[in-house]
């Protein structure tokens, strides 16, 4: 069906949302250029596009977080002004941001009532919210402990809180920006069930995601953005992932990286009985044992918060632990003075951390400074005993960025001015190009667009094929299944089981991740 | 024209510098002459101020405060035709007049009065920073108090160790209250504007206080027992009057020269009993006559009594 | 130590702790809303001056109080403009405010009264007088309770009671009301507040204004409650001690009471016991004067642990860079 | 991201307009107290910059502020707020005094290096305790450095009154340092080169040490591994730990350098100017260092410029107070306004300037 035909039919019934000729610039960056889009009432409308395409900006304008430089917004056919989020909320719009807007040390209830309190005193509002949340939980399977502090909740639960916030404000139109980036497949399925039932009740949903599978599964229509422009709006039923990917990136993309059979060699990493007790006295790792061999990718699956982060931190050298870890047959100090990232790197362990912004990069440093981060003691970066060789570091970074297709390939830009996908490439370039014996990698493609996912996956496979050991932690089962040569599943600080990718499936892994021994 | 340089405390400190200012004003009023005055802005400017005044032809140049001593000692030889007068320090140069006060004598007298006015047998002393000058005040005060009443107890406090100690009336008030709580019913304050807090607290709590440097009796009429006055004004007035013919050498301003003393005026007349006055005046006479020596803390850095 | 001595020391603690408490609570509101405030000292000083000056000129301590609050508020507005509207550096703004107050008070004071920055001494209605609470006199002779009530609880100026009342009120306001919820949220995550449709700017201005109000009372207490008039630099570093207490209290109102009173107590003790003679070895007065600060360091090192400030503290809220 | 206005406008135009604003308001203040702002300005500029004599003082004050400013700046890079410059400089003075009085120094060339060591060591020592407490015990460095300012004042007071004061001296100060410890002033140095330069001004060779420290700090922060690690730690402690940077060690190093720099100020004021140690020799320079570092955006060049500006204000203002009836507190007000407008309200100027440039770009 042609786009024109579609537009004609919709002209009769007023769409839930219509944006006309929206433009927005951040200084020199034109984030949105003359964008028009219609979203029909009672549908789920997907928006896809590469990192930095302008999706979040567009939605933030709709939600009154940013103000457009030009353009018009119509809700239910009537033009409205949305100067701030209060106006958006009044217009029935709710938004779940890509980076949650929750107050970390507040309880769920407090977060939910923030801004829509009933009166000057909190108690009545809290009571009402507790009641309503109970109802919503029953209606949409949105359970969270209303008295838990946000910082103690898993990301999945935090997202539920965001959705509850929107529903509590009786939003008719719900915008979700990359909601599944941090969810397990189970949680994602759950979310989609919720979204579907919301749609069935007549609510309108806009879903931004990088995962085309999700678009195909749940949306009714999909809009594609590229470099700040709207390139197409399509009926989901009449398109395919391949077509969407091509329109997004402007070229053909491999959605699955081809990979030959593994050729595992000696044990590179041997972990025995690893235990970690955190500052609050909670045991985070309860006797982990695993091995990774040269020339293989070991995938560690699990719901976030089941000890994978601690495992990576221990191996990366910035969390104390007990037990035994050997790399290339040599014991590694887990508690003493030599238990730090520098020593680990000297042993040939490279680490791409889960949280690139908080750990992997110094956001205010330039790209070239970041490209030496952790390896700043390396001899090639030193001019002499006293000074570092900044020129050498820049040249080195420039080369790495070009090889890893970081865009823009400008080594003098600050890390924070790269998009998430490109930030991830910088970290990967730094760690992979060190040619480590063992690469630890957490959530390699979280929040990264498909073009970049393809690239990152290729590099990981290439590293494996070069005979290196890779330990990959990911909450994306698809990624785990397609990249790993062996899979272990973690639950509650333990290894629940080990599987081979061609002998298992998402369902079985999902059960293991839920702590149900298969 | 003569010139006057105030120390860092500033012209209006209600005590030392202000007394100097008053002396200069009196000279001005009486002679109709004009003079130049400067307030120090920082340590590094002492030399600058002295040199520039000397170069502009001011004569004599009078400065208040021992902190000038060292600098004056180095620059005085460069201006042999200029006369300098320094208050509170001894500078051994041919063109310098050094004026030192025997505050211990004045403090001795007010110490006696304190001990005699005290009903509790406990009197107090609040100093500013712990510097030798203030210990000199304290030591004289204790000697006087013990002379009047050997049994008397003297509580001594210093306010602090930073220059803020001279300008913290709140803390001054608290120190006074702490001393009152320990039984003191007459308190002598030698602590710059911190002392204002001491006098205030004493007044509020219904006990007596003793002012310092200038006559502070009027601050709380009927509540300030007396003030230990240090006639800086006279020194300045005399120096200005002498003009370029200023005699150099050391001048000791003591009781004999009326350089120090206690204040008696309409504000405290009712507080000072005839016996008190008689005793104090007698002691003053004996000191002048050399029959009684008040120990000067500065001579050996110790105080015979506590 | 007998009861009377203890009570006198505690009484002094209350007096010395009160300005710290008010300033500390002021800082608490501001920093809970994400605006660092190292200008507490300056605002107190400004308030002390204007309260002293106006109380002298009008003879009314209440007008003085209002003027003091207005003085502190005007600096609070400057701080708000710098750190909220113009998204400037909050530390710089605070430093500037301290300098501004220290200069302006003397400059204006000299212009008005020509006493080198001092105001003339206040008396009578120009000062806050101690309030004797009901039954204080009649209960005085009841053992223990009587003296405690008479010496310690009764007999302070109105502002002391205001300061103490401000503690539970602040707790209630911050943790039991909508305003408090929003205020705390804006210091933790202004984006959350913004996306909830609440004005970050307005909230932060409100917090800064409350800080102005409380420092205003603190300054007025110094000049018209504790002393009788303004003397230049009379805050003598109390704003910084209040800041230390705030961190000590981990930005909570009730611990703020504890922390400020602890500082007050340490100072009161050091005032009271200055020349301690330990069998021939006389502890120098300097050691006693340093004692409160040394003890603070020891307590901090030993018992308090890491204090985590409000997460968005010190950062201007910028949506679009 | 923010290339909305050309760099020159950001670095030169905006600060200059801000400064102008600060001076306009200062002018209004002067007017309000009944004086003539124009005359005042002339007097200030003349007094501070109009002669080699004025420069001699301006540079002297600036030297103090460079040291304390650098001290605060280095700590800032590690995200540590060192309010203790005052105390560290005080103790630095003690170090200088002990060194200078220890030996009958034959020549300043020998005394200077020793005094530099003494000053740096004592300053660093006074920063070391708060640093260690922060690193190991999590005690907030802001509080501990404030406390150490007070404790330092007490220590100095005790030492000067009871230990180092010559008997019979009224002044709580040390004896004069031996002549061999007397540093060459700018006048002496210029004279050696045949240049006439104001006599009897306190500016001395330490100014060049301060300049060298600017270069040194710049080199350390941006060209050494230590500096790299300090900056990384300052930006993100979590990331620093990931990279294997030891937080305790970096905190200690940063604060030791910071304290040493603050301590070095004593070379200028104690050894170079007073040639003896007096109470309160620091005179608040430690606090001005905070303003200098903030205004200088923690960059040595910025610190240098801000220190010069404050040196100018200090000297110009002092001249004003010396020769007119304007109270010296006017300087404090002008300083405050300069700090406020250039440091905290700079966006007030930047925003309209941006609009101006955007308008021109569109046209």
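A few notes on this one:
The letters A, B, C and D name the chains in turn, as written, and every chain counts its residues from 1.
One rule holds for everything that comes next: a contact is a pair of C-beta atoms (placed from the backbone, for glycine too) under 8 Å apart; a residue touches a chain by one contact, two chains touch by 3 or more.
Each chain and its UniProt protein: A = Heme ABC transporter ATP-binding protein; C, D = Sugar ABC transporter permease.
Owing to the predicted nature of the structure, the values given are computational and were not obtained by experimental measurement.
Here the chain pair with the top count of touching C-beta pairs is C-D.
Separation between the centroids of subunit A and subunit B, computed from CA atoms only, is 75 Å. A separation of 46 Å divides the Cα centre of subunit A from that of subunit C. In this assembly, the C-alpha centroid of subunit A lies 46 Å from the C-alpha centroid of subunit D.
Taking each chain's centre as the average of its CA atoms, subunit B and subunit C sit 34 Å apart. Those residues of subunit D in touch with two or more other chains are numbered 1-2, 150, 154, 157-158, 161, 331. Listed for subunit C are residues 117, 237, 286, 289-290, 321, each touching two or more other chains. Shared contact sites, meaning residues of subunit A that touch two or more other chains, fall at 26-27. Pairs of chains in mutual contact: A-C, A-D, B-C, B-D, C-D. By the touch criterion given at the top, residues 78, 81-83, 86-93, 95-100, 102-107, 110-111, 117, 237, 240-241, 243-244, 247-248, 284, 286-287, 289-290, 293-294, 296-297, 300-302, 304-307, 321 of subunit C touch subunit D in their complex. Of all the residues in subunit D, the ones that touch subunit C in their complex are 1-2, 29, 32-34, 81, 83, 129-130, 133, 137-140, 142-144, 146-148, 150-151, 154-155, 157-158, 161-162, 287, 290-291, 294-295, 327, 329-337, 339-340, 343-348, 351. If you check the complex, the residues on subunit A that touch subunit D are 26-29, 316-318, 340-345, 351, 353, 358-365, 369, 372-374, 376-377, 382, 386-388, 390, 417.
Within the complex formed with subunit D, the subunit B residues making contact are 38-39, 41-45, 47-49, 51-52, 66-67, 69-70, 88-89, 129-133, 160-163, 298-301.
The part of subunit A that touches subunit C in the complex is made up of residues 26-27, 63-66, 84-89, 95, 97, 101-106, 110-111, 113-117, 119-123, 125, 165.
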